[in-house]
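What follows is a pair of complexes built around subunit A, which joins subunit B in one and subunit C in the other.
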Partner chain A sequence: MLDKHADYIAAYGSKKDDYEYTLSEYLRMSGIYWGLTVMDLMGQLTRMNQQEISDFIKSCQHDCGGVSASIGHDPHVLYTLSAVQILSLYDNVNVLDVDKVVEYVRGLQQEDGSFAGDKWGEIDTRFSFCAVATLALLGRLDAINMDKAVEFVLSCMNFDGGFGCRPGSESHAGQIYCCTGFLSIAGQLHQVNADLLGWWLCERQLPSGGLNGRPEKLPDVCYSWWVLASLKIIGRIHWIDKSKLRSFILACQDEETGGFADRPGDMVDPFHTLFGVAGLSLLGEGQIKDVNPVLCMPEDVLERLGLHPDLLS
Partner chain B sequence: QHGRVKLKSTAQQEEEKRKEREKKLKIYVAARDAIFTKRMEGVLDDEALQLTQQLLSSNPDFATLWNYRREILLHLETKMYEAELLFLESCLKVNPKSYGSWHHRGWVSARLPRPDWARELGLCDRCLSLDDRNFHCWDYRRMVVKMSGVPVDQELQFTDRLIGSNFSNYSSWHYRSTLLPLLHPESPDPPSPCHQPSHSSPPPSPQTHSHRVCEEQLLKEYELVQNAFFTDPNDQSAWFYYRWLLGRAEREEMISCVFVSREEERVAVAFSRPVNASSSGLMLVLDGQPQRVEWRSVHPHFRHSPVWICALPPGTISDIINEHNLTVHWTEKHTHRDSSFLSGRSELSVEKTSVLQSELQSCNQLLELEPQNKWCLLTIVLLMRALDPLGYERETLSHFQTLKEVDSMRSAYYGDLCSKFMIENTILKMEYAEVRVFSLSDKNLTMLCHLDQLLLVTHINLSCNQLLRLPPQFAMLQCLEVLEADDNAIENLDGLYYLPKLQEVSLKNNQISKLSDLQLLTSCPKLTCLDLRGNPVTQIANIQSELTELLPSVTDLLI
Partner chain C sequence: SEDPKQLIQDRKEWADLEPVPQDDGPNPVVKIAYSDKFTDVYDYFRALLKNDEKSDRALLLTAEAIELNAANYTVWHYRRVLLQALEKDLREEMRYITAIIEDQPKNYQVWHHRRMVVEWLNDPSEELEFIAEILSQDAKNYHAWQHRQWVIKEYKLWDSELEYVEQLLEEDVRNNSAWNQRHYIISHTTGYSDPAILNREVQYSLKQIKKAPHNESVWNYLKGILQDLGLSSHPGLLEQILELKETHCSPYLLGFLVDIYEDFLENTLEHHEEVLSKALELCELLAREKDTIRREYWSYVGRSLQTKYGSSDSSTTTSAPGSDSGSVHQETPCSS
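Entry: the complex of A and B
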């Protein structure tokens, strides 16, 4: 089915007069990252238009150094990361003014070590991850106060071993992915209670084989990424029933249109397509390239960059 | 996009839908373009507010539009902010899960000269009554509580009310876990704010901080949780919370063991948690004199390790005639240890023991009604471990067997957890007997852990288990002389790294398949006996001579 998925992604961006497509303009940069990454994982990156995308990224970098989701939108650390990830796939980060990107990220760090998403000050551990992931890809982790950044992320650790958006926030698989990814890049994974968190994470698997994001919620293919990658990072991926999860992910494919949906029978989109394929990669699916669990990028790209974030064994 | 069901429809329906969407798109694009044009021209007027309102009502995740509204609001008087709050309320009714809407509301409220926090709390109450798992709302509530100084016990009562209702309580239990340590901190240290979290630094986290809940409150909490899972034994939130309550007291951060080898003139130090000794202020004092030594971790893989080693300057303690006094100081923690062994296990208080015993009794009664309830089974295991790990060993193994049957998706988890408990029990037995021989054979072990507690072990038997490797942490067994690990599935020997006293290794019937798997053995200087029978590697051509070349000092080689 991989060819069908590749066809779906390759055609996605071309329907620029689609209502949903336009409504999601506010996250376009991430949308492009999702599409390109899944294509690369399937060995089909060349079907995408590198020049058009590079030009687009260039026109999205603002004077402050940050990158926006699309032209006319405001810069934000989420899209700054996506842009750097895309350019890393193409081995062409110099399309951006890298020093200015570093300055922008540095400027987002607060006194307590946390990171704001942009100048308007929303704090979230997602942004801590975006900041260090961006700097790691650019080889510039020295630009921030890492000790303080770690201190803040650890202050978001909860009774169940998980992490939330801010200190006191409930554990959520997406945040856990960001925080374990952060701690991996920061070389501080030993601070995680891997047995406790691993248990919470493996309890995300429901009888259907799918994974949810927190207790009492519905399963969703994107959690095949957030939960699975977190488990891989903390060395507990074998605590999940792999064959049941694989069946669930495959059931989320749309055989007619290509692509993956959040759960069987729903509408597909690039976001769930990437995380379905990436999840299968982590499960050892032969025809898909190895994906790095920390950065959600093909391992061979990170190999080229000399990036090997820690994983617990 | 989540939860959008795919519906099949006729060609005519498809065409009508297409026309509809085309129309919607045109309107949307016109508004968006108008907004961008105005913004580019630096316009901050009412029309901009109208247009952005139009788009944000249906697309509140369009973050740039909230930014634009803030720019406009900054130019208006704050009495205009009331309209903004009303607009936000309507947005949140439609989509209560938009990061942008909640952040904007927080921004507006904070900018008011007299924010109406009571109103904001009311908004949270209403929102949570519709969906008490909405983490955006909970986070907003936490901000309101912090800004307005709502007392902690008032918020605890709020969680009581929510927990009283039946479904989806996880968020409430979670909130409780953060509130309790604030209200009832465990003395003596560290000093904690009893009523208000400090505004400047992040509040302590329930996992990493020594802000434990004081015992009296803890016991009351057991009762509360028990009511919850007895009312609904499938309410997983209560079971998760209960596991936290049962968590053994963390060992204080300290040096747990110092081992000195006269013959090798070497000191090994074990800590209660992984540390980075190069930056930790670790000081060696011999006969009153501080020594200049370099500390290295047991394995290059670990920058943070529970065990660190240093070589003593030659000749300092090798003479057997004189007695020496050696102390290791951990200046970062203001603690030190002489070369002795200390077991840092906390004992349960009498009240706690009797409470846990009655808990165990109740859970066993529940198990009779619900023999397949995995939460109950696992909790019984945890209770037994808290009370008497060695005494309940047989029942524990039996429950793990049942757990693997009733919750088969998580069998690997139960296998590892059971392995951990069996290793803990063996350590306890070893400590009581004060021997340095450690036997873990035929225990269904799927993994190894607590290796940092085996610094003094001289003989270890891991035979007849399901181990796949000897992990890097195995290098912490600095005193090991004899290793028996026959009849496993070991294919990786990463942990046999610079074990200075290792003489005999038996690895019969494992999965060692390449000569390179054995490379690390060259780092063990005293190795003389090696048994590799029953491994795929022995089938390689010329294996006998290859091994003799690789390991010349191994005189007793069995393949």
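Entry: the complex of A and C
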């Protein structure tokens, strides 16, 4: 069915009734990253228009160095990362003023080591991940205070071994992905209690085979990424029942339209399509390229960049 | 005043402004079909941004833009800029953001906006009640809980929170957010180092387990509060768990027993073979029957225990039941 998924992504945004596309303009940069990455994983990146996308990204870099989700929107670290990820796929980060990107990211770090998302100051471990992932792709991890950054992320570790968005926040699979990804890039995975966290993560698997993000919540195919990638990073991916998960992910496909939905029967979108395919890649699906569990990008792209974030065994 | 049902292009109050159409870059990636109202509002919003207009009508427009798309963070930024530039009544803004959140409670921007207004006013007096109202509609709303934790910590509103958490757990003992909050409150107030408090929490947890044995959260909580001191060190706990096993068994209970036995093995030298064999038997049971979806995890635990605590001349395999090679009362040398 990969061809159907590729057709879905290639056509996304050119449909007539794309109110949803309009509504999601505020995250367009991430939307492009999801689409391009899943196409590359399926070996179909050439179907996307590199020049148009590069021009678009260039128009989204602001004077402060940060990148916005779309033209006329404000810069934010989320979309700065997505832009750098896209350009890394194309081996063309110099479309952006890289030094200014680095300055922007550096400027978001707070005294306690945390990162704000933008100048308005929302703090979240997601932004710690975005910051170091951006800098890792640009080879500029030296630009921030890494010790302080690590200190903050570790302060978000909870009694159950998981991580939340700020100190004391409930453990959540999405935040755990960001924190384990962060610690991998920072070379600090040994600070994780891998057995305890691995247990919490494999408890996400429900009888249906799908994964939820917190205890007593519903399964969602995007958790096939957040949970699975986290387990891969801490060396315990085999604690999930792989065949049951695979069945769940495949059930989230829409055989008519292509693409994946959050759970079987719901409407598809590019976000869940990427994470469904990336999850299958982690499970060893032969026809999909290997995906890197830390950066959610094709391994061959990171090979080219010489990036090998740590994984526990 | 303006009629919100009219398109802006038809309102006389806006006749002086030239709307700015969407710019997707030099070569638009796709041709987009907008709904008319969305196009109308956002074209005028872009015009305001371009002119850096700071006016009451701009503020009104941000409200219309938010109504169409409350996730657009640029609109929220601009609204905050306007609130400050125009020195607007922040109490009125609190009423506004209250209504927005009630309508769309699962959105980062709305909660961050509320936090900014609370900070500007330096007045948290409405927060706990408001958040409780939102949680009454969805008791696990992640954004609501973050905001609640911030308010409590920032303004030192700890006093009645444990009572609130207990009330939520009465309503739904499986609410993981409430268990997390319980840990948050106690950690930041009394702490767990007082044995009376720790025991109170242990007994509270066991009581909840009796009510609903298949509850991931309470078992994670119980393990979490005991793991520093050691699960096997808490007086009487093993006996209570073994008692519960008869009437309120669950895979979580069995797993917890394994954890107690493991802690025992780590901290005592006696009865190793007996305890190890019990632990291995449970791992086997969980892998084979009680929690098969996580059989790899249970096999791993069994193997680790065997490797760490099995006697060096034992020939047991990973799936061996708890039969042992010697008398249980004889002290056997521990393998290092």
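The rule is short, and it goes like this: the second predicted complex is superposed on the first by the 310 of 313 C-alpha atoms of A that agree within 3 Å, B and C clash if a C-alpha of one lies under 4 Å from a C-alpha of the other, contacts with A are read in each partner's own complex, and residues count from 1 in each chain.
Methods note: a contact is a pair of C-beta atoms (placed from the backbone, for glycine too) under 8 Å apart; a residue touches a chain by one contact, two chains touch by 3 or more.
These numbers come from a predicted model, not from an experiment.
Q: Overlaying the two complexes on subunit A, which is it for subunit B and subunit C: clash or fit?
A: Overlaying the two structures gives a clash between subunit B and subunit C.
Q: Regarding the shared-chain residue A:20, is it in contact with subunit B (first), subunit C (second), both, or neither?
A: In the superposition, A:20 contacts subunit B only.
Q: For A:152, using the defined touch cut-off, is the partner it touches subunit B, subunit C, both, or neither? Pick first, second, both or neither.
A: Touch partner of A:152: subunit B, not subunit C.
Q: With the two complexes superposed on chain A, say which partner A:112 touches: subunit B (first), subunit C (second), both, or neither.
A: First partner only, subunit B.
Q: Quick check for you: in the superposed arrangement, does A:92 touch first (subunit B), second (subunit C), both or neither?
A: neither
Q: According to the stated criteria, A:49 is in contact with first (subunit B), second (subunit C), both, or neither; which is it?
A: second
Q: Give the label of whichever partner, subunit B or subunit C, reaches more residues of subunit A.
A: With both complexes superposed on chain A, more residues of subunit A are touched by B.
Q: Scan A:72 for contacts with subunit B and subunit C and give back first, second, both or neither.
A: both
Q: Mind working out whether A:262 is in touch with subunit B, subunit C, both or neither, as first, second, both or neither?
A: A:262 sits against subunit B, while subunit C stays out of touch.
Q: In the superposed model, only one of 4-12, 94-102, 472-480 or 526-534 in subunit B has C-alpha atoms clashing with subunit C. Which one?
A: 94-102
Q: Return the residues of subunit A at which the contacts from subunit B and from subunit C coincide.
A: 17-19, 22-23, 25-27, 68, 72-74, 76, 118, 120, 122, 158-160, 164-166, 168-172, 198-200, 202-203, 205, 209, 214-217, 236, 238-241, 244
Q: Would you tell me which residues of subunit C are touching subunit A in their complex?
A: 23-35, 38, 46, 49, 69, 71-74, 77, 80, 108, 112, 116, 140, 142, 145-146, 149-150, 153, 174-177, 180-181, 183-184, 187-188, 216-217, 220-221, 223-225, 227, 293-297, 300
Q: Would you pull the subunit A residues touching subunit B in the complex into a rising list?
A: My answer: residues 17-20, 22-23, 25-27, 68, 72-74, 76, 112, 114, 118, 120-122, 124, 151-152, 154-161, 164-172, 187, 190-191, 193, 195-196, 198-200, 202-203, 205, 209, 214-217, 220, 236, 238-241, 244, 254, 261-262, 265-267, 269, 271, 313.
Q: Can you list the subunit A residues touching subunit C in their complex?
A: Subunit A reaches subunit C through residues 13-14, 16-19, 21-23, 25-27, 49, 51-53, 55-56, 59, 68, 70-74, 76, 118, 120, 122, 158-160, 164-166, 168-172, 198-200, 202-203, 205, 207, 209, 214-217, 236, 238-241, 244.
Q: Which positions of subunit B touch subunit A when the two form their complex?
A: Subunit B residues touching subunit A: 1-6, 21-22, 24-25, 28-29, 32, 36, 39-40, 59, 61-64, 66-67, 70, 99, 103, 107, 133, 135, 138-139, 142, 167-168, 170-171, 174-175, 177-178, 200-208, 236-237, 240-241, 244, 274, 303-304, 408-410, 412-413, 416-417, 420, 471-472.
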